[in-house]
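Presented below is the structure to which this report refers.
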């Protein structure tokens, strides 16, 4: 005597197991039935009883990476999102109604509130209007979504950085009790060929447990790698050129050319170059790229080498009735800075030279000995600083 | 004989104390009842009588700081806003209707007009559609809100500034008599890792009393601290480098190198650097950052030191048949400017030197004595200006 | 026998003088009555007969100045707009219906089409939904409005400019016959502290008479003053520094230093500075700020002084077998340009000096006398140009 | 027996010739009638039969020019658009219904689809809601329209360019058979005072004949003139200053100053200036402004003059044991380039000078004669190049 | 006995073959019929049975190219899109209903979901409201569409690049079974005259076969050519000027002028020029334009030539008691770099010169022979480097 109970149950839960009746296999007949059974219940979660869970199958394909905004720490992508779920108790006979699949305006159905937790702006996606409904009650909702999502960007290794951006799909309100997400295998269909390259997509389904209830969610991890060629060509290479120039500018003879003016112009050029860097570098307050630090240190070294040039010029051309360079300064410059810029030692010349000339402009070797400390003394011999202490006269 | 009066009251105020009747524990039955009792009264504030106050519990979590616009004095944030209130007189039996909680489309309900007074633009929040309604009539409305709010920014201490931005949540129209806000403990769930760091959130509930009536409001104070590393590396450090260069450029011997051209190139570099500053500094008309003043003073000092160099060069190389430097100018430059740039005094040399040479290009020590005032005279002795008045000849 | 006529009139004009009947002092009862009497007449101007004028009381508070766009000549502000009008013939008994004031969704009412004539973009205001209706039929509609309005900006005195922006509130379509604006006292509640300071608000109510009919309008004049500190620190000060440098660069001895190169570098620096100016100056085609003209004249003077330096250098170092400077050029440079840069005259030296040396590089005083016109001759004597014509030899 | 037929016709075509019946001269009565006769036919073109043409009278006033975007070739304006058309068969008695004019919500009426063919973006106009309907059935639809329209911009004569932008108003779909545009005299009410000045408005009504049918359209030609003062002050003047400097830099004596360095700094300054130009010039790929070409030619001339300086310096200071300048190069530089920069010829000096000195650094007049071609020889004599061939020795 | 079956079929499939019945040839009568037969079936695909395919004819005209965004790899265009399809079973008698064509509000009809796969943003097209319906049931839907579509941009040959952008029109959801696209000949009506020139449009209709079903799609290939004149005038020409300068700067005599300073200023100018390039070059991370590489190589060559100058200056002016240039460096510079900059060989001078002078500043020919390798030795002879080894003394 099971049948009567089932009959009773069927009458109690409308749409359970019973199929739609189409008066004829025409679109009109099917939509009349759907109107009555489905469209009128737009407000209801399509389950037979409250205790049932709606299972939504989710598939996300990354169609394009539009950009990364380091300032607001966001990532803009286009994702093709496909959701599938069953309207419980809805089915029809394919032959009776004439089709196994119809397209229905999205407005006529209850739609699960699957959202992306990291979403940060109003929806700017291109709009689509129809969903598919098949004769077993399965709804397929395909749509493109333009996602502006948070992404904690770490630009320390810029421009060789790899970012890991997460998108957490989940129902905004419905707990796992009401709506549960399952995952479909995801394929990537990348259309864009821009600054960012997609290295990998990882997907995990998890349960977020908070006091209010458990939320079912699916996390997509997009591993993006920046293509560094632009920054290497426009930032790193010219910077290295200028630094090379600065290193070799020690070869300029200070007696003939104005080495300090040369180096000053070089620093000016580097400042102009910093202007370019300022346009290209990602501007975010948290953490500075290593590249930025590299540029700052380069500038610091250039300034230090210019200062050294100034000191040496001062030592070389000043008369001896002025105060000598303070001891600490000469030690700092000659022992440590010389070591920093890696100046090699020269073997002592074995030729003994005697200076006989009065040396009206420069200064004699002997005088300098008295107040220039040892390191500088050594420096003079292999350094490009030409103090001309000994000149072989005829 | 109290019951009849209560019965009468119940029939008078529909929904007071009486529960929804569900014909069966199915979604359809519950929504039919809700349709009749609740959705049809969307226009009405959900209270039993006009004198009742609707109590709204508010909870705001700061999810992300997207940016601060100093020009328009605004702050952009994402806030997760949770509002809870009771629909008076609505309840149902959990067993009878099959559930203790349903999700309802927000459009079907009366929603309190809680707004943020500092809001300044149209709503660009991502949209959500459902709210929760439990069997005691409590509505829970969770939604993310993208807030563009006014914030009086004080950038005097930039880039080490701390901003205090206020958000005043309150009903836009309903006085405290109609709607009252209460506060729930707030947790911060910051997603972003950008230029601004959240130091503290303070919340106070207060009453705004204006002639029209009293408004209940909740003020959130967000204390934000700027992460200064970007500005230190890109603005402060290079600026200090250039200033250091300018200070030490006094060591350049004026006889050999063109010191004024060197300093002019330095000032040119500083001008280029001001261009970078102009891109990075917050541009707001009200109050200038201290940093800006610092840069201006640095430029002023550079210009002053270049002017001093020009004067000294002029004094050093001019012949004596021209007019001397005006007294006020030499006093200004030599006594006061020399004190500003902190030039130390040198002890008088005890060696007496006699100049015998005709000095065709420079000028003799004795001649200068006549028209150079004392301070300059002292300056010459310890300054890097090499007048070569006395040269020990063999 | 007046009563019957009135009764007839009342029945003829529904809602005149008769009050709403509430079956009980509950929200439901009041809204049932309102639905019947008010909401069904949403399309109608709420007057008893067409000849009646709807009086709208307007109050506008300036809440914030978001910015001024000189390019498109527009002003963006946030205004708190309060409109009040009476629904003629609507009233209810406070006791009978239970309240003296209800909040109603704005969509349910006829709203006057008060607009701002200078408005130039789609509405981006934050949205509010409710208006107040009291028991005398008065509707109070408060809302924030983000206004992008035209404003004829005059930037001649930039950055010390004061702008007068007008906002003309008025019904877009309804003539004064249909809708009339009256003015309520306005208070300013300025939230922002940006580039612009509000000096004054003036309000006048006027009638715009055009052939179609008379339109009632209220004009708000917002007098805004720019806070100039940013532009003074970043534009005026550095510019003055560079001009000062240029003036004093005449003190550089042309024999020792390359004065023309120095001045060329200075002009280069000024060009870089013009780049900053180009970022900060308001770009509008109509009328150029005085500041812009000042910068152009400064550049012109710098170029002129460099040209003078070039001429003098040429005169000083050329040999005498070349063509002399054309007469008109020397007069132009020496008489008029010298006057422009305010060179003082020096008293003739009374000392007679005789030059005996052959002067291989420079030129003798006597030779120059022959082809340098008088003014230049005078110029040489007090100018910083050192021709070294007379040197006291031992 | 004509009357019955007409009666029949009247009953057949509702609203033809018969007037609305108002039960009383109140708004309610009129709107009840309108609801029945007009609002229910919102979908229908308001004509009595399909063969009738709807005549729309159009008036457009230019209220403001917001900007021109050369990159996307578009023009943004605010236009006050007034359309008038008749609802055939609608009329009422002014006395019977109480008014001759009512305001009606635009949504309740059929609106002609007059659009602008050049429109290129979504509508961002401020919204208005009401139209006027008078008792003869004439609808007056006034609204402001923010127009982003295509405009073929020709920037060849920038900044003195005059643009001719067309706006073609016409029904998007309805052929001339269905809707016909007639033109009302147009007045300009320009609010803005920006970069563009309105020279003239020309209007023509025409018929667009395409195979589908004839479309009635009205073309507005807006003749706009750019106000060039900004570009003259910021672009043309500084450029001319720098070019003047370059011309006169030939006066610098090459023996004393480093003329090539001077010119190099000048070119550097011009490059910085090109940076400003790059910000201000309209960036469109099609056709380059004449101004841009002028700047390029200026730069080319500067570079050429610097090259000439380099050659001359080379000739002047090199020893004679090096290869001479190739013949073609000297001819190019001295005959043609000299002609280009308009160097005048000097009369031959009649003084014969004999060089006796060995000339250790320079070169003798006689040696140069041998390999410097005639033109250069002539050039030396009046040019500022000082070869010092003849020096009067004691 | 075929007729009854057909009759039965007609009654079964409403609208098949039977015409609309108009009670009178008036708009009202026709719309009444349409309301009943067509508007009520807005949700249904307009076919007689599910197995029928809806054939949509598509025509796209490119009206304007608004811009290309290299950063996000997108193309913005305005396209005039015309779709035509038949409502099966709908027809009316032209005479009976009075017209052969009516305009209908788009909202009243089922619209095929033809979308562009590459679309990446919300729809910003100007809105139109009406479609045409003729008496054979054909719907013509014309509308302008503003398309923001992906386009894989290859900027390797910038600014002479040709881009091929694809737009794939197809139904988003309906498989080829439900909706089929056919193609109409397309004409181009280009309004814009901007940076991009349309070279060609190619169209192909294809079938996209995926497991879910076959989708009918039409691919438009837009071949766009950039107009390079702007970039040639502003980027290529000035760059070539500066490189020319650098090449000829070898002619500067190192003894008289400071050639290294000259070249440093030139490099500074090139850095400023790179700043302009940075503004104009398309910034995309994938692939760098050849032009960018050209600029980098130019900068590298300039730096290399400056380094060479530094080395030569060093060799020329240093004394011989310092370490000689390392062998590998001189070989690198003199043999290979000299070959790179294409220095010609000079024939050996046959004149024998004997140096007698002590050469206090420079160095003798003989001494240099000992440590300068052969290539440099050769270089000195035709190079502009003036070592003055042989001076003809009297």
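Just so it is clear, A, B, C, D and E label the chains in written order, and each chain counts residues from 1 on its own.
Heads up, the rule we're going with is that contacts are C-beta pairs under 8 Å (C-beta built on N, C-alpha and C of every residue); 3 or more make two chains touch, one makes a residue touch a chain.
Every value quoted in this text rests on a predicted model; they were computed, and no experiment measured them.
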Minimal step count in the chain contact network, chain A to chain E: 1
Distance from chain D to chain A - Cα centre to Cα centre, in angstrom: 39
Mean-CA-position distance for chain C and chain B (Å): 24
Contacts with two or more other chains, residues of chain E listed in rising order: 123, 258, 261, 265, 268, 272, 275
Pairwise touch network: line, ring, star, complete, or other: ring
Direction chain E, origin chain A - full chain order round the ring: A, E, D, C, B
Residue numbers on chain E that touch chain D, as the complex places them: 24-28, 31, 63-64, 66-67, 76, 78, 98-99, 102-105, 108, 123-132, 142, 144, 146, 191-197, 226-230, 233-234, 237-238, 241-242, 244-245, 248-249, 251-253, 255-258, 261-262, 265-266, 268-269, 272-273, 275-276, 279-280, 346, 349, 351, 382, 384, 386, 388, 390-391, 393-394
Footprint of chain A on chain E - complex, ascending: 12-14, 41, 43-45, 47-51, 71-74, 111, 113, 115, 118-123, 150, 152-153, 172-174, 178, 258, 260-261, 264-265, 267-268, 271-272, 274-275, 278, 283-288, 292-293, 296, 299-300, 303, 306-307, 310-311, 313-314, 317-319, 321-323, 358, 360
